[in-house]
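You will see two complexes here that share subunit A, one where it goes with subunit B and one where it goes with subunit C.
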Partner chain A sequence: MTQSIAIPKPSRPWRPSPRERVINISLVLGSFLASYLIVLSTEMKGKLAYFFVFFAALAILNFALGLITKDWMSGKDQFFSVLMLLGMTLVILPTANILYTVFDRGRAGLHSGLLTNDMALSTPSDPITNGGLTHAIVGTFLLVLVALIASVPIGILTALYLTEIKGRFTRPIRFLVQAMSGVPSIVAGLFILSAVVYTVTQSYSGLVGSLSLTILMIPTIARTAEEVLNLIPNDLREAGVALGATQWRTVAMVVIPAARSGLITALILGVARIVGETAPILLLTGGGDKINLNPTQGAMGSLPFYIWKSFLLGTEESITRGWAGLFVLLVLVLFLFMLARFLGSRRAK
Partner chain B sequence: MTADSSKKEEKEMTTPASLASIAAQTKQPGTKSLGIGLEARGVHAWFGKHHALSNVSLDFAAGTVTALIGPSGCGKSTFIRTLNRMHEFIPSAAMAGEVLLDGKDIYEPGTDVTKIRLKIGMVFQKPNPFPSMTIGENVLSGLKLAELKNSKTDELMEECLVRAGLWNEVKDRLNAHGGSLSGGQQQRLCIARALAVNPQVLLMDEPCSALDPGSTLRIEETIKELSRTMTIIIVTHNMQQAARVSDFTAFFLSDGGPGEMIETAPTSQIFSQPRDKRTENYVTGRFG
Partner chain C sequence: MVENKAAAPIPSPREITTEPRFSDKLFRGVVTAGGLSSLIILGLIAIFLSYQGFEILIKEGFSFITSSEWAVEVDSVGEITNTSFGLAAMLVGTILCALIAVVIALPISVAAAIFLSFYAPESVKRVLVSIIDLMAAFPSILFGFWGLFVLMPSAEYWAKLINKYLGFIPIFEVEPRIFTRSPFITGVVLAIMIIPIVTSISREVFSQTPLDRIQAAYALGATRWNVIRTVAIPYSRGGIVGGSMLGLGRAMGETVAVYTVLNIVYQINWQVLFGAGGNVASLILLKFGEAQPYEVKALMAAGLILFLLTLLVNFIADQIVARTGSKGR
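Coming up: the complex of A and B.
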């Protein structure tokens, strides 16, 4: 005979009880009230005062709650929880604010022709619906593409040297790559200006702009790729070599395919690093107003240059154009980061 | 009886034995080679300044299964890795002695190490199928990695999987990824992968230590099956396993210093009447 067993209702005893929840909410409300009263009755003024007094009150009240209901340890635990909440808010707020401002202001500059027209026949102070930023998008795309072609092989080969060959120069090269990732972009721009433009090409072009971007991109790709390759278990390398493969065959057929999705992430992070880079672009590309498909010759527009130029002009229309440009650039970067996360989280098929 | 005199006696006892693996105990670098199979002569191994393995001489006759047993840290894995030159994969590693494959020292300068590893295959402790390849591609990966030509790849794939005892379980999903198999299946896939390049010798470094009893049994059957066509050397912590699968057993031990081979003999003899007290203590479970 089967005996029917009463299945208990699933519950979550570790969640706060209704009573605790009421206390927590009243603590938050109490902190609001406290911050309002304190700001009113003292010399402090403004949003910042409310913000910090609120968190200070919340921390003290939570500390007191922990101390009263449990013990000293629990009080400290509550206090530091609030501090961490404060830290998180301090990070999130400005980021959210920037995003909101750009999307809000950029919206005004969006129109149907934005992505299909260039500025060859319009000036930045024309009505918003004239012209567009095709030339800037195409330019940015070309600049990034050339920089990618130059920096991906160098970056990945550097990472392979650091993780697979582990030769005598591993330490200095790793140090150099780390130091390079801190090089200010204007330095990269000035270096290309003095080393290539003044001595060889004698003129602005997309290509020299890409060269400076390459300098900025290589360390990002090399470092990310190194981390990814380090995650590949050594077992796989040994398995490859034990099957009678040379080291190169093992790296090419086992290590790189196993790390493929991570390497793609490295590449996208490299692109995201340079796509909004402005300083070297201002120095080197000349920033044209019409579509230029030839990176080796002539001025080449780009999104950062377009934004800089629009804001510099200072008329109402041009500033709106600048915000629209920022909007497009930000969407582009966000898209790239999301793509990187997607490709990075996906398991190697 | 002092330790010295007991050692002498051991040596005297070994001489009448006709089995190559026993006679090998006294062999030193430079002595005459049998010319077939795998022979280690006075092998030492170091990691940096740490002397991990001292003066191991062992012969592995063609077509035999030899089990290497001993407590952890006694140099079994180090020894097995010197046999196909995987030892040098560790940056600080050093070695001395000779390893002769068909009479030729594999450490001779100018030897093509990839050819050596083709002839002496290896199965590792942890199953390590290539994650970016399908089951079928994993089996044939050795051919691609070593740039070997083979026109009958489908037949070869089936043959290797059958010999590794995996064919029936995977024949309908050869295009699935290796990671989708269970641990025991993955290990048999790794064995199939090692077989595809047709090695003369197969080294197995604790191939069953990460597996459940059922998978272990399947792999032991595979080992018996394979021993008809190749020489197998298996490191194991499982003494029943050594007793079940091997023809010869070598006992390794480290008394705080470098690991040494204490004794080698036909497996039944090691487990029934070992000559050395320490071997007896170990196989009867009194230490280690």
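Coming up: the complex of A and C.
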């Protein structure tokens, strides 16, 4: 009765075999060679030519491979897979180039005083080590803080309406939030200008800048928070109600705590959306060169304003300052983005 | 003791009701009010911009969107003697740049979304999706100055190539031969800005393609490309169109990036490679600095037109996306 049972070894038939891998790599190398030779032997020149000849060669070689080993259909399949790869490459290339450019050119403007000095006593043509970004960073921080205080309640309430109440207005509100995220930033600036600056405050300040940022931030927070709240299982809500809690209690003590890290992600994405927003800032904040800790009065500097002004001044030093400002802004955005990712991935567990 | 217990009144049965408690009523009221805030804000935007701009709109009438002259004549004392405000050149420029952006971004984004949905292995896919999401979070000022300083020289060369080989098509003519700061280059920058939006929406609709249909196609012997061509693309067409409409709306409202890259000129220019164009949003930014109160009103009116235009585009996009969802092909 002791029969040995042959246990089949697990295989992964979808994985490319070593032979296929060698063929693939040789196709890529062949395309490199082809692009090199073709660009050398014809009038075409430059990176653009290399790039497209490489992809054309890769597509044709893959097509030929499919045609020879299988049939016409397979060749077509191979051909289009290269085209899709080309699309993906065209998406990634600009991003890589932007990151590289900013880090490369911004490096020249970095110095020890960058984060501790402001620009109050510096002129555009001063050497780069004079002055710094403190006023801009402080200003951006205050602008974002005020905008957060104003937009978080509205954004979260909107999300709660869409997920918890699901009333009559759900569909129109979802559309309106969508439409609001499409409002051009300059229109938000003009609106605050007409509704607040001309009628109430009569002057530029950080506060009115924050108000315009609030408009831009609400839809981001509302939509991300809606997605997060939708992920909370309905069982939790039902369990809360079954224990005798009112809907208010259920939302406040079960749903929101369960979604907390996701909601924080929503806030961070909202901040990332507005931290580099320039157009309304240019219209509304006045952009000072000194540290201003009072959002309700006086011109307030900010990173986008600083970058804008530095580039527009046009001297060599100020352009370097502009790249340094973009560097700091990009690092800020990257940091916020990674933080959101980190919290988001923790939620998924 | 025993008697006392017996004498205790029997509690009457609890009244069962579906009427929410007060706290719930309050909660629902507050949340509904918060939910309606987006309506209120959008309404206020329309009201205040029309209130400020309506004087100009009345005076200029229909020519505000059909004429293309934007001038304020001032006499020696600084009094305004004559004004004419017309947005036509800027409106044409706005739509032109945005269309160029969508034409460039759409094929690239759809190809990238197909690559992500059907070709990329899971680990590669996660990294690429992160990069695309990050790209969506880049501020527009970054795209603007990158476009001006880094992309411009290359894009100018591309424009010259297009002009050399396709110059016989009227829109690719360039006369006089100025290639920098053209609507084409602006369109390229805007395309890079909207690619992440269009890609992530396309990817989302592709991921909703019913699995049974994909598997059925494979079972019938389809290659991967056959599946994409006959199942995924027909199913997702509406969503992709809606996504690119959203991208169009974004591109039309973009201010800073366009302002830095485009050479703003007050004439209707259909030669996309020629270095002159217009954009409503950047006009507002350009004119705002030195504008007198009267001209600011005209800028408010321009803002209103831009607002209504983007609202319209968003509405159409929303309708298209909604129809795809319910069609359930």
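Please note the rule applied: the second predicted complex is superposed on the first by the 308 of 349 C-alpha atoms of A that agree within 3 Å, B and C clash if a C-alpha of one lies under 4 Å from a C-alpha of the other, contacts with A are read in each partner's own complex, and residues count from 1 in each chain.
Just so we're on the same page, a residue touches a chain if its C-beta (ideal position, glycine included) is under 8 Å from a C-beta of that chain, and two chains touch if they have at least 3 such contacts.
Computed from a predicted structure; not experimentally measured.
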| item | value |
| --- | --- |
| First, second, both or neither for A:L207, with subunit B first and subunit C second | neither |
| Superposed model, subunit A: greater residue contact from subunit B or subunit C | C |
| Subunit B versus subunit C as contact partner of A:T246, first or second or both or neither | both |
| First (subunit B), second (subunit C), both or neither touched by A:I291 | neither |
| Partner chain in contact with A:V328 - subunit B first, subunit C second, else both or neither | neither |
| Which superposed partner A:N97 touches (first subunit B, second subunit C, both, neither) | second |
| Partner chain(s) touched by A:I268 [first = subunit B, second = subunit C, both, neither] | neither |
| First, second, both or neither for A:L148, with subunit B first and subunit C second | neither |
| Touching partner for A:W308 - first (subunit B), second (subunit C), both, neither | second |
| Residues of subunit A at both interfaces, subunit B in one complex, subunit C in the other | 246, 249 |
| Subunit B - residues contacting subunit A, complex | 84, 86, 89, 91, 114-115, 117-118, 121-122, 124, 126, 128, 130-133, 141-142, 144-147, 177, 190, 193-194, 197 |
| Subunit A residues touching subunit C - in the complex, by the definition given at the top | 46, 48, 73-74, 76-77, 79-81, 83-88, 90-92, 94-95, 97-98, 101-102, 153-154, 156-158, 160-162, 164-165, 167, 169, 172-173, 175-180, 182-188, 190-191, 194-195, 198, 215, 218-219, 222, 246-249, 251, 269, 272-273, 275-279, 282-283, 304, 307-308, 311, 322, 326, 329-330, 333-334, 336-337, 341 |
| Touching residues on subunit C, where the partner in the complex is subunit A | 20-21, 23-24, 26-28, 30-39, 41-42, 44-45, 48-49, 51-52, 107-112, 114-116, 118-120, 128, 130-135, 137-143, 145-146, 149-150, 154, 157-158, 161, 192, 195-196, 199, 223-226, 228, 246, 249-250, 252-256, 260, 281, 284-285, 288, 299-300, 303, 306-307, 310-311, 313-315, 318 |
| Touch list for subunit A against partner subunit B, complex | 166, 233, 235-236, 238-246, 249-250, 253-254, 257-258, 260, 348-349 |
